[in-house]
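Labels A, B, C and D are assigned to the chains in the order they are written; within every chain, residues are numbered from 1.
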Amino acid sequence: MLSFANDYATGAHDKILQKLIETNRESLPGYGGDRYCESAREKIRAACQCSQAKIYFLSGGTQTNQVVIDALLADYEGVIAAKTGHISVHEAGAIEATGHKVLELPHREGKLAAEEIADYLAGFYGDVNHEHMVFPGMVYITHPTEYGTLYTKQELQDISQVCARYHIPLYLDGARLGYGLAVEGTDVTLPDLAAYCDAFYIGGTKVGALCGEAVVFPRKEPRHFMTLVKQHGALLAKGRLLGIQFDALFTDDLYLENGRNAIRMANMLRQAFANKGYSFYVETPANQIFIVLENGQMKRLGRQVLFDYWEKYDQDHTVVRFATSWDTDRWEVEELIALLG
Amino acid sequence: MLSFANDYATGAHDKILQKLIETNRESLPGYGGDRYCESAREKIRAACQCSQAKIYFLSGGTQTNQVVIDALLADYEGVIAAKTGHISVHEAGAIEATGHKVLELPHREGKLAAEEIADYLAGFYGDVNHEHMVFPGMVYITHPTEYGTLYTKQELQDISQVCARYHIPLYLDGARLGYGLAVEGTDVTLPDLAAYCDAFYIGGTKVGALCGEAVVFPRKEPRHFMTLVKQHGALLAKGRLLGIQFDALFTDDLYLENGRNAIRMANMLRQAFANKGYSFYVETPANQIFIVLENGQMKRLGRQVLFDYWEKYDQDHTVVRFATSWDTDRWEVEELIALLG
Amino acid sequence: MLSFANDYATGAHDKILQKLIETNRESLPGYGGDRYCESAREKIRAACQCSQAKIYFLSGGTQTNQVVIDALLADYEGVIAAKTGHISVHEAGAIEATGHKVLELPHREGKLAAEEIADYLAGFYGDVNHEHMVFPGMVYITHPTEYGTLYTKQELQDISQVCARYHIPLYLDGARLGYGLAVEGTDVTLPDLAAYCDAFYIGGTKVGALCGEAVVFPRKEPRHFMTLVKQHGALLAKGRLLGIQFDALFTDDLYLENGRNAIRMANMLRQAFANKGYSFYVETPANQIFIVLENGQMKRLGRQVLFDYWEKYDQDHTVVRFATSWDTDRWEVEELIALLG
Amino acid sequence: MLSFANDYATGAHDKILQKLIETNRESLPGYGGDRYCESAREKIRAACQCSQAKIYFLSGGTQTNQVVIDALLADYEGVIAAKTGHISVHEAGAIEATGHKVLELPHREGKLAAEEIADYLAGFYGDVNHEHMVFPGMVYITHPTEYGTLYTKQELQDISQVCARYHIPLYLDGARLGYGLAVEGTDVTLPDLAAYCDAFYIGGTKVGALCGEAVVFPRKEPRHFMTLVKQHGALLAKGRLLGIQFDALFTDDLYLENGRNAIRMANMLRQAFANKGYSFYVETPANQIFIVLENGQMKRLGRQVLFDYWEKYDQDHTVVRFATSWDTDRWEVEELIALLG
């Protein structure tokens, strides 16, 4: 069966497996103190053009969001996020479990607007009762968003400036960052993220690793962050598992190459959907394509290819998602296109 | 440099890597719903002779302790543990971070005694003010313990009976379980754990996996445990990474074989320490050997072999730990023995 | 200066103070075990026609919401509330601080509709990813609401039935319950609340007590609720302070009489606002009146009478709140009416 | 029945009730912003000779400990306390419920020794694994302690210096502070506490108030402490209730006078116990007297006087506590002495 269900359906890129095999019998220190973690950190610093960045490796996205957000917030603070943000909806309350409210703002195709954030912050501090409310302590955005859309450099800069004005950090969830960076025409680069964000993570799990996300603090890191990672149950004894993978991902541009493959495949598929007159739910440039299908058509297609149910569109139609990945082959796309009839 | 510092210094057993390679390009469902996870569960159920057991895979020990303990306790309850228990000392407050007190009892070489637990429980319910105190809601033990010691089947049974009398679950932390089960002369088996514990975990990280622990609920599982796993940031998108590893570990007795290698190597080393008149800090049957070294001797030896600082013994002596593992080679032990002079 | 700012600006009803004085030198058991607490419980049970109700006294509204909601929810659950609910906005994150998400639904004049709740619950369980989301574990409503509106008996029954269908408790925040019950024409009584809610609290602080709210569990109480109260720092050593006050409030119908005074005064004031052509922001039957004032008018009036800023209406107008209370005198209302010009 | 069970068995001092009555109909701002709170703050600042102190009023001791400790600790920190400290034993896990471990040290008659704390801190930072452990983030002591003992000024200074050396705050729980300050021969005064502690609270509930504790931050207060108080459910709408009481307690030396009465009565009683050859469990100078009674004698005496069960001494003897209070009359002591036979 063809699979376009998501971007974490297969294992790891061969180069990652290869590196795991090569280093397997080396005796290394635990908890992220090994030389592969250090090498990966150096390579990520170089890619971000940010030689002072502090970098940590965690296992998964929800975990990373939980640990970073909890570390950045004071007890009296919550995190601003889009109502559709991953932390708002699909993390089983991981943020609230650490005692912090997610302050949900309206979104536009998954994105937060700087002006919306600014209005919220002005409204908060303008409210005479704000000391009885949750202080907005940081801003959380995703790139690409849950709707597959991208921020422009200007938009990131605008949000960053709002945050700076209120002295709250901007944190970017890059679970699918590799795909976002690889989109033709995007003007957002890793050095931009290092410039505009106070923290962000470079997603590995969905971009070719077995597991792992690299958290980057470009300027200042939370105090005793490693202890907080441990306290959240997120510190791997064999930290090498993550370091080795990111070392491979940031060697010879593999991370971006993984991204580019998905984008090439998505573009092929997107073109075919357009040619055949399919209806797009939202215009997306990265590796996720949202299509409105008539329900009968959805059922028929579902017998031959895996895709993701997104949401009900109306009585007779459904929004579904097709995702390509670092591992999607051209023949898979061609077969899918053939099935589209 | 020779390394006897710990049992998680190298990567994974070859058979595990092999299986990861073989399955790498298979497109599989996420979050533990794949066929390798299911196969691993079946094999663990068989090994435990417990066909109804519910089994989950998590990434590491602290994470597993945190999620399981939080899931088993009511808000008004804490967990009884030895003062030296891993959750009491070396998890950076992971249990308290979820709102629960660790009720620390005295230990004997790392072990809790059934009688001590019974006395504590009787004392608690006999205290007229106990409603102002933290209710003892479960018992946590480790096997092998932090001191490398083992419970006997009788001791487990006794503790289990105390727990049953007070209707509180018994949870066993098996981070090094493979080594404990492989000790010659132990009468404790996996089916015994399934019989006496309400929850336990089979440690993978320290017994030959890249990462991963298998949580076993022999009879009853906490409600919506998967959601709790997610909420704690512990649910891997590529759950296959854990399932595949445990599938390999429970094929052809690999898990126990890994354990046995470490025990054979430890026994060789133990014999050598004894022959050469070294002083044992505590008698241990499994893969950890605790030796009291004169400080100068410790320094000299430390130049040629890695071992673990344990604790200060007196002004002139220090307790150190030598650990063998699934991956320790005979020549390494022989070289170390030669260095002991 | 006249004060219509809120309903907690003065001390306690004379009968309450009197009772505190009379009982002052009695030596009584602590923590709510005294005979006045017991007497108050009996009187509240009688008023609710619910002889099996479990009743606890806490100090304030946010505290009560926090303790009750945390006690009723499992770790994987959150609480459904109106976006404008007190717990959603004005409790500084007290619910999230205990690890639970507030699941915010749209409101109509502060009220939740049974249908809206039912749709949300159906949508949640219909979502294939719902195990990755926060389970809706209870419903929170306020009566009167933050907008001063009231549920009808039918509306409560409808919400109650939705909750029952999904086996989740309905909890009603009665911070201003005395005023709601005293409204002419309301068909909601204390026995109705005991019938339709799984938990509710009878607000004392805003209805004539120095402090104190009475939590009622008509059928089933959370296990070890007293210990949870203590754990949240909410158990008074001199529990008598609360018991004596509620004993007075539920003697000779004082609680309702307090409510009725506020309603009589509010009705007088409401009539005057209407006669003079003021614009009501929302129609409210209880002790809070929301008026849209032109900004200049607001400033002038504000020099002679205290009222509460509510929210900006437009560039030139503001919504303000006038509240009457158990303690509002007729002459105060008359003076205010004279000022309205 | 005579009552020496505790120091919170009766209501409030007459002067407090009188002040509540006098101010009852005044319309005042809520949440601690009223003029009585401000007046009480000023008087406490004067009594502490600390004009810059920040002062907050909370309702009870466990609540105060929970809010203050949570506010002072970072997420990765715990609080050092005596194994017998109130927060360690009798607060139902209130500290852990906010995510922080209580790091329990041995005590001597309820007291922590500066040297013991220093050793612990040196040991912690000397441990190479300390980043995997809970950081000691503050020190908690009680004065008088749970065993009724007192620190000397020198002892407080020594502990304070250890804390300063490690840059962690010293917090003193003064639930019974009024009794401690009133002991003849103590050299500890309120200005001393302001000098040596970073935070402490002046207990009202047990020293003549209906409820209420005054938290003093002599130098620096936690950021947005009021919001944290609210978030913990500890902010009273009618904050006046606490301000008025402390205003009375700190007028004409009432707080210390309340303390002195209890000490005079306790001294009378102590002398009588000594004269009659009773066995003291521990020497105590303040308002609590711990006596070892033969079990039969305990039963007989228990028929005529209330006292507190403390702990089992041996098979045939029990430790019990007799407490005097601000409200104990001379005739009560005389009757008790007569009963002692």
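Throughout what follows, contacts are C-beta pairs under 8 Å (C-beta built on N, C-alpha and C of every residue); 3 or more make two chains touch, one makes a residue touch a chain.
It should be emphasised that the depicted structure is a prediction, and the values quoted were computed from it without experimental measurement.
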Since chain A and chain C share one sequence, what rotation angle in degrees maps the C-alpha trace of one onto the other, as a multiple of 5? 180
Centre-to-centre on C-alpha atoms, which chain is most distant from chain C? B
Taking each chain's centre as the mean of its CA atoms, chain B sits from chain D at a distance in Å of 42
Can you check how far apart chain A and chain B are, centre to centre, with Cα atoms defining each centre and the answer in Å? 33
Hey, how far is the Cα centre of chain A from the one of chain D, in Å? 50
Touching two or more other chains in chain D are residues 75-76, 91-93, 97-99, 131-133, 227-228, 230-231, 235
In the complex, the residues of chain D that touch chain A are 70-71, 74-76, 99, 131-133, 135, 223-224, 226-228, 230-231, 235
Can you check the complex and tell me which residues of chain A touch chain C? 75-76, 78, 89-93, 96-102, 104, 128-129, 131-134, 309
Using the touch definition from the top, list the residues of chain A that touch chain B in their complex. 1, 3, 5-6, 8-12, 14, 17, 20-21, 23-30, 59-67, 91-94, 97-98, 205-206, 210-211, 227-228, 230-238, 240-241, 306, 327
